[in-house]
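So, here come the structures, one by one.
The two complexes that follow have chain A in common; it is paired with chain B in the first and with chain C in the second.
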Partner chain A sequence: MENNGSLPPKPERLKQKRIRNLVIAVILLVIYIWAFSGVIRAMDWSMLQKLDENIRQVLPKLFSPDLTEWRKVFDKILETIFIAYAGTLIAAILAVPFGFWAAKNMVKSPVWNTMGKWFLILDRTFPELILAIIFVISVGPGAFAGVLTIGLTAFGMLGKLYAEVIESIDMKVVEAMEANGANKIQILFYGIMPQVLPEFLSFALYRFEIDIRASTILGLVGAGGIGTLILITAQNRNWPQLGFIIISIVVVVIAIDYISGKLRKRLV
Partner chain B sequence: MITFKDVSLVYPNGTQGLKHVNVTIDEGEFVVIVGLSGAGKSTFIRSINRMVTPTYGELYVDGENVIQLQGKELRKLRTKVGMIFQNYNLVNRSSVMKNTISGRLGHTGTLRSILNLYSKKDRALAYENLKRVNIEEYVYQRADQLSGGQQQRVSIARVLTQEPKIILADEPVASLDPPTSHQVMKYLKKINQEDHITTIVNLHFIDMAMEYADRIIGMRDGEIVFDGPASEVTEKTFEEIYNRPIREHDLRGSE
Partner chain C sequence: MQSTQHHISIYPRGMKMRVTLTLVMVALFYFFSLHKTESDFIEFFSNLDVVFMKLLSMFPPNWDYIPHAIGPLIETIQIAIVATTFSVIICIPLSLLSANTIVKNQYVYYFFRNLLNLMRTIPDILLATLFVSLFGVGILPGILALTVFSLGILAKLLSETIETIDPRQLEAIQSTGGNLLQVIWYGVVPQVLPQFISYGLYVFELNVRASLVLGFVGAGGIGSIIDTQLNFLQYKNVMAILILLLAAVIFIETVSNFLRRRVV
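Now for the complex of A and B:
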């Protein structure tokens, strides 16, 4: 009666798993301790004092924004939004055919399909700022370089997301349309598009949110938008104006995130 | 008229879907195919509109051997043969009207259909067919707002809008409850009688097969093991087709 109501003994496999997890935890702990002890030894503690000083000097200036140049800041922020908008628009449209190319259920030949996937991966491997530098060199500094940069980076991500949306559709609808004699283009417009378009739009809007943030820093390498102004202002140590710029960016980003979030909720 | 002449089908994975099937189905017949799952019922009816391709034999639909058909000619065959599915296969996000009129796709030019430029006649036909299955009040609703039985009725309206000579129904009531199942079968029967459209239905419920069919074809392991008028069929016939005693889940039950 001793064993009554108790669980059967755990299989050997589970015990082994526990020992393995314990070993991993100990190894991780050792690595952490080793890493942090190195940091503490190499640290220049006088830096903390300087940091404190700098914060005391700069922070209040950042929070007492200087609005005298509001016109210039406003124009540049508008340019930033336009760069993000134009770039996302290019990407959202360009990504549609590539999404179909990279979707398993749309392409019969696995080799051809994998090539589509690789093409999008290749595009996603380029860091934004590197692309921006390349475009600034090839088309000259300014907003156009920024639009191309955003367009190309957003295209890689949207293409992949579109492909995943297409792969998740209900293929039975496609079957039903094949069965009533519809041709491929009709199936695309009647069976596939209604299923994927809301998701496509939703992802494009989401990418627009990301691109607003991305395009604020493109100016650092001369690809237009508010970034150039941030760079100049910071180099001139004009903290009150920098504060104003940062606050403006925060307000714009929050507003656009909010609006696009609401829109996306209604779409799907 | 549909004629199977020694038709066999082997799937690429080696499964034998059909084995030397010989059968003729006349115009206007209401045929129910019965058999356990995996018996080849689906393969049989999907061969008729070439959703699957038999690997041997000849299959005549309307006097034309359909096994070699490709591209445009295959689409032409499919406009003549309507199909109804177990899961209705409607576009959830599209309206009932758009789903119904998509039955006209095979008869409509690509550009016209993309731009939604259907003739008044086509629109009237779609609406008329929705009326025939008593679902016209939902014409502007999204398909996913309808219940299963209502969705299956929309898919019947879609098939009717195609103006087919033959209707194939692949387990049309397997996802429905008993009362709705009978309703759907009654609509199919009514259409068969009023329009003389040859109708072939896959079912695995023997009581429904006996109630609605003119003719019953029994299948087992890809072969036709029974073929005769529904009036000659008894439970014993089914035990022979199924090769086992009848169980309760072989019956749908009455309304």
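Now for the complex of A and C:
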């Protein structure tokens, strides 16, 4: 140990940290150069010249929504809501047993429990559109493919959230009931369910909000909802109607978020 | 022991009524939704063999198609990286302006709060369509759409984190004469940096997933080739692309999860 009255020597770890940070910075730099150079090469710069014209032509039309086909838009938005609702409800029910399977304090065998967790992780890795494509091919185009898609994607997330809720319950209640000789079903309905049900419902409502947004893209691959209409309207350059669709979707999403938020606040 | 014959519920009667009514309504609306979306689960399960046969038409995947999909996949990832970078940069001032620990002016605070809320209500497909209509078909509208899409989420997460930081540290810096920038740099940044990096990675994952949508509306990336192969009914090619994409998503999320766990 040298000690000549100056500051104490810097600890070794700091040097290591500095090297580590440098390596991270270099890696990040390489990734960024790769990404930006690729994007710049793929960019079509000529569109910027047309931008001025486009903005002058398109924007005013978007802001003067055309309500003549309101029925069609209205129907499609309703279908979107129905898809989201049916899908979320299926997922919310299906996720309950899987939530118990993936909850640490409900399953004795850790291996079995981990399998449940992995199953839910596996489900969550599938992007919606991939599942939508698979379902459209296997059950045919239509809203039913959308319901199945939403059900399956929402199920993975809800199962995980449910499992976390179950893991956080007060186990003393369960133990007390066990000590009193309650059977498994009694424990489930009087010990566990009252503790977890409000949060289950709250998460299901939250997922419903997400699914409303998610259902809008299903139409891209023919799985129902407003997506197809958006696609067609944009392809026909029918900007006034697109403006109307945008406004209606935003209004519906805000309304549902608001109602669901109110309900969730009352639940928990 | 006889007294247990009279079953006394632990729930009050009024609550039971309310819950039952709600459940009935939920179930009725569910069947209505099933009817409206023409979802027939009985038919679905009785025709499971047909469904399975159709599913098998996607197998075996046409692996020879993979080389054609690599280019668009790389483009997708590059779009996601660039969009995430933009939104990470733009979200810093936005989230500071919508955090009540930094901004004391109520009007400014609520203005930016509501702006962020509005941004998050617009689904990604609408943003993509909107930008394609303004900029034409290409990669630029895709980048812009993802930037706006992730900006809303990122700024909200970050502003909520900034609102939960320890305000005493900020006051301490202020009381020793630090200006606003110094308060932010020495008081806020060290407290939120780990979460900030974690959110950035999370949003990158979201962007990789969302960038799939872009190609369908002409905003670049792997979606466009899926769209064409679907229209040509080349299901074996579609499956090959989907598997490639899924592998990429899993790889990116594994790396990102690993990094996030180390940061926070």
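Note that the second predicted complex is superposed on the first by the 219 of 268 C-alpha atoms of A that agree within 3 Å, B and C clash if a C-alpha of one lies under 4 Å from a C-alpha of the other, contacts with A are read in each partner's own complex, and residues count from 1 in each chain.
Keep this in mind: a residue touches a chain if its C-beta (ideal position, glycine included) is under 8 Å from a C-beta of that chain, and two chains touch if they have at least 3 such contacts.
Worth saying up front: this structure is predicted, and the values here are computed from it rather than measured.
When the two structures are aligned on the shared chain, A:L231 is found in touch with chain C, with no touch to chain B. More residues of chain A are touched by C (comparison of chain B with chain C).
Once chain A of one complex is fitted onto chain A of the other, the partner contacts of A:G116 are absent, as it touches neither chain B nor chain C. In the overlay built on the shared chain, the residue A:Y190 is in contact with chain B and with chain C.
By the touch criterion stated above, A:G159 is placed in contact with neither chain B nor chain C.
By the document's definition of touching, of the two partners only chain C reaches A:I83; chain B does not. Applying the stated contact rule after C-alpha superposition, one finds that A:G99 touches neither chain B nor chain C.
Common to the chain B and chain C interfaces on chain A are residues 190.
Residues 170, 172-173, 175-183, 185-186, 189-191, 194-195, 198 of chain A are the ones that touch chain B when the two sit in their complex.
Residues 10, 26, 29-30, 32-34, 36-40, 44, 51-52, 54-55, 57-58, 74-75, 77-79, 81-82, 85, 118, 121-126, 129-130, 132-136, 138-140, 143, 209, 212-213, 216-217, 220, 223, 226-227, 230, 235, 238, 242, 245-246, 249-250, 253 of chain C are the ones that touch chain A when the two sit in their complex. Residue ranges of chain A in contact with chain C, taken from their complex: 31-32, 34-36, 38-39, 42-44, 47, 50-51, 54-55, 58-59, 62, 78-79, 82-83, 85-86, 89, 125-127, 129-130, 133-134, 137-140, 142-144, 146-148, 190, 213-214, 216-217, 220-221, 224, 227, 230-231, 234, 237, 239, 242, 245-246, 249-250, 253-254, 257.
Chain B contributes residues 49, 51, 75-79, 81-83, 85, 87, 89-94, 98, 102-103, 105-108, 110, 113-114, 155, 158-159, 162 to its touches with chain A in the complex.
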